[in-house]
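Presented sequentially are two complexes of chain A, the first with chain B as partner and the second with chain C.
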Partner chain A sequence: MPTDVERWKSEVYGDDIRTHLFEFAESGFDTIPDDERDAWFERFKWWGLYHQRNGQEGYFMMRIGTPNGVLKPGQLQVIGEIADEYARGPGVNPIFGASYADFTTRQSIQLHWIELSDVPAVFEKLEANGLSTQQACGDSWRNIVGNPVAGKDAQEVIDAWPVIEELNKTFKGNDDHANLPRKWKVSVTGSVDGSGQGDINDLAFEPAYKTRDGAEVVGFNIRVGGGLSRNEPRLARDIDVWVEPDNVSTVAGGLSALFRDYGDRDDRYNARMKFLVDEWGTEKLRSTLQSEYIDFELETAGRDVRRSYSYNTGEGPRNDLVGVFPQKDGKYFVGLNVLVGRMGAADIKQLAELADTHASGEVRLSQRQNIILTDVPESELDALLNAELLTHYSPTPSPFMRGSVACTGTEFCSLSIVETKNRQVRFARWLKANVTIPDGLEEFHIHLSGCTASCAQPQIADVSLRGMKTRKNGEPVEALDIGLGGGLGSDPQFARWVGQRVPVDEVPGAIANLIDTYAIERVEDESFRTFIQRHTDEELAAKIEPAETTYEDPMMHNTKRTWYPYAENDALDAGPEAPADD
Partner chain B sequence: MTIRLRVLDDGAWISVNDTRRVRVSELWRVRALDFCECALTDLLVENFQSVSTDGAKICVSVYGECIRCGTDGTLQWLPVGRVIDGEFYNQALDSIRIS
Partner chain C sequence: MPDRFLRINAYTSLNMADAELQCAEGTAETYGIVNITAARDTPKSVNLQLEIDNTELETVAPHADIFSLSPEEARTLAMDLNKYADRVEAVSE
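After this line comes the complex of A and B, so read on.
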């Protein structure tokens, strides 16, 4: 029996939603019939709009999909202007203010407090400037990710940007691939650093060599069925296929069509590609792809470069892309830390001006929620690095600032169990002020996800935090599970969850104690991840010592029972009315 | 009378007659000896899997974790409320539910 979502999708989905969306924007939020709201809210996702959580009736999160995180000259300024004008609502964040944008772990941009009546104007401005929300959410091709400095990176073995552009052009607004059983996340990487994080995507193209006529040519190996959500993390699996760049679109389309036709539409919890790969195995997947979807003979996998992967591995250079790095054209890219990926509208506009003044104006977003200014000539480096804004968005931040990743949390999200972004800022600030960093530790990744959906990619961090509840002195309080030792690279591993239900005010103490233990017990200069790897779960559990410290957490209570956690009167029934048409 | 029941927002809500009525993230007290060894499971509700009716009673299948002992998994058909004359009445949050 088809699910409600499948039934709604069968009635109206894809590009057609836009007409209805604009009609509702014109006639007003209140004109969406009560018995159709669930259906329309589900459909609006395809155009990048999520209705915010209970208590925030009539306000939407808007996601803008920026393929590979690429923002061409002028586009960051547009984002800042739209955030300033439209991403304002009745709730004001005590750390980030009244208007801001979030850079996500999939190299997209999220705005909050968007009113339905403003959607046509926002779309008009976005689209006039080459930006779009199309398929940013919903059951279809999501924003394509990769090494954010594709085409610029001195380390890349193949420029993946033209491939990503081609995929984006082919599969956005493509009726044959608009309605899939579930979301479809694709990564294309051309760099040896693994910064496309292909292992955690439904479909990954990774650089690989094949010998042709005695010479090596570069193309992509294919992995399928990765993902982190719902306590069922999977690494994408090697299906033994190499493809040349010109055929990426054809094979990607074949796999997307295979998922469309064979994915589970009866059970949304079982619908992701990773479960189909579990069920079929890679041999059946490959043979079905070959026999039913591809009309040329697929080649076997080539020689990959996975041994060189450094991104999010917990050690070595280019564990992230924060800092100053050479481009292949002699210029530089400068990666700036954006703590938990959130930036105020005024800062966004100021950064856009800096990018215009000192570089090409183009910026890129990374999967670690950071921002990168590209094409900086050597002659402009000092002036850029001395800009006052970069004291806050630093290319040389504390390990605790640069390593912090957080999802949206209970501020806006229905699924999250705990407050996240502001809490992660408080954690990072406290750790920076109170923890002595062991010699040589330049990066320390802490990812905080509010629930098992894993939007902050918690399983691939040095310290993984996941929203929970516990009781403290008999009272229910927000808590976090603690995982250790996750990371990608040539030997990717998910975190081991060795600390359960630690009250949130004791988590910074637990991390501080763990780092102290690491500093004392590490062998020579071994990395934190290596240190974790050589201990059993039981040993690690004993090393986590939750402790109350000078850290105080103002959000211990059930932040989900508020209309907005930071409101003076935060009671659910004190929330705003749905915004009136204007 | 027909009752429209749905799991919405990737399992975050139970909708009754087109209104979101029961949310995740709450702690429920559950008597479920086949789930964990606690006399009373202190269940953190993480995700709704499905919803159905048993007469006027609305019941859910839910994924969660007992915050006393750490057992996690799916519990089936826990009551969340009743529909009387077309009106939904939430089960009291501090009530004891029986699996």
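After this line comes the complex of A and C, so read on.
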């Protein structure tokens, strides 16, 4: 018996949704029949639209998929203009204002308060400028991620950008791969720093060498079945396959088709590729791929470069891509910290102008919710770095600012149970002002997710925070579970959860105490992650000492029960009517 | 300690219920998660899911308990919940 979602998908899915979407945009949000809303909202995801949470009837989040986070010259300006004109609604954020865009952990862009009636105009402007929301959400090929500076990076061993462009061209709007059992997340990386974070993707291509005629050639090893969601995180597993760049699209298509044909369509909670890999094992997966989907002999895995991975590992250089780095062509890329990935529309437009003035105008988005200006000539570096805007979006930020990642939270999301983005801003600012940074600690990753869906990738941070509830002074308050020691690299590990239901106003104190303990007890210059690794769960639980401090949290109450947490009258029944279809 | 077993999001029935864990080693007062759900599609039973927070009772490994209830059993439970809710409310009013 097919699930409801499978039934809806079998009726209308893929490109065809667009026609209906535009019809509803014309006839008005209210013309979506009540008993068809679940079905249409599910389908709209394929075109990048999520209906916002309870209390925000008729408003949508729009996700724009930018492959590998690449925004070509002029595109950031377009994003700023669209955010300014269309991403406005009845709620105003006290930190970020009335109009802003979010850069996501999958190198995409999210806008909020989008009205259905505006969707055709937004699509027209996006598409006229080479941007798209197609398959940004839904059960298909999502935005392809990778090292954001592919093609530019002085450290890359193979340029993955042409491969990503080919995959994007082949599998966006491809009817054979438009309706998969569940989302399909792909990473392609050509650098030695691991910044594509392949380990947490359904399908990962990672650089690897094979010997041909006595010489080494570069291609990709393949890992399959990673992912963080559903309290069941998995690292992608090595299926012992190496492909040359020209064959990536064929093998990726084979694996996508295998998932399409064998993935679980009866139970969406069991549908992700990671569960099929659990069930089959890698040998069966490889043999099925070979026998049913690929008509040339697959090669065994080559020599990888995982030992040199540094991205999001908790130590070493290029733990993120914030800062000034050389490109292979003698120019530089400048990674800027965007705290929790959110940037006001005016700032976006100003940054686009800076990119035009001082560089090529191209920018890139990283999986740590940051933005990178590429192609900066040495002669322009000082002028760019002295720009006033870069005091807010710094290439040399505090460890607490650069390390902060947060999901959308109760501001807009239907799943979250706590406020996230603004809270993470408050946390970072307080930690920056109040915590003495131990010598040598340049980066400290704190990821905050509002629920177990893991959109902020909490399991791969130094400090993992996840939404919960507790009671304080007799009153229910928002709280966080705390995990420690997660990170990627050659030895990737998920966080160990060692603290439960810490009231949100005591979390900064807990982190401060933990860092003080680390500073005192660390052996020589060991990293925070190494320090965590050598302690047992019980020892770590004892090191989490929640404490009230000067930090004050104005959102202690149950923000899930508001229509908009920052509204003067935030009661759920005080929310706005659905917007008129003007 | 391992991660929680149950998913926790805005659709969870109760993400903070007062709970007491009893075992041979002793008792501990804590919080727990109570969730009522059914498969999104073609459900075969009502699931009652319980997970008590980790405690310092070493003999009780972290775990979740899942009860599969028939519709009749679920309604029996609902009737009892209503009946005793009324009794508690009557005393407190």
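We take it that the second predicted complex is superposed on the first by the 582 of 582 C-alpha atoms of A that agree within 3 Å, B and C clash if a C-alpha of one lies under 4 Å from a C-alpha of the other, contacts with A are read in each partner's own complex, and residues count from 1 in each chain.
Following the convention adopted for this analysis, contacts are C-beta pairs under 8 Å (C-beta built on N, C-alpha and C of every residue); 3 or more make two chains touch, one makes a residue touch a chain.
Here the structure is a predicted model, which means the values were calculated and not measured.
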item: Side-by-side fit of chain B and chain C on chain A, or clash; value: clash
item: Partner chain in contact with A:34 - chain B first, chain C second, else both or neither; value: first
item: Partner chain in contact with A:498 - chain B first, chain C second, else both or neither; value: second
item: Partner chain(s) touched by A:230 [first = chain B, second = chain C, both, neither]; value: both
item: First, second, both or neither for A:415, with chain B first and chain C second; value: both
item: Touching partner for A:560 - first (chain B), second (chain C), both, neither; value: both
item: Which superposed partner A:471 touches (first chain B, second chain C, both, neither); value: both
item: Which partner reaches more residues of chain A (counting touched residues only), chain B or chain C; value: C
item: Which superposed partner A:2 touches (first chain B, second chain C, both, neither); value: second
item: Chain C-contacting residues of chain A that also contact chain B; value: 4, 230-231, 268, 410, 414-417, 451-453, 468-471, 476, 500-501, 560
item: Chain B-touching residues of chain A, taken from the complex the two chains share; value: 4, 34-35, 37-38, 42, 54, 230-231, 268-269, 410, 414-417, 451-453, 468-471, 476, 479, 500-501, 558, 560
item: Contact footprint of chain A on chain B as seen in their complex; value: 4, 6, 8-13, 15, 18-20, 23-27, 42, 44, 46-47, 49, 65, 67, 70, 72
item: Complex interface listing, chain A residues touching chain C; value: 1-6, 53, 230-231, 266-268, 410, 414-417, 451-453, 466-471, 476, 481, 483, 496-498, 500-501, 537, 541, 560
item: Touching residues on chain C, where the partner in the complex is chain A; value: 1-12, 15-16, 31, 39-42, 53-54
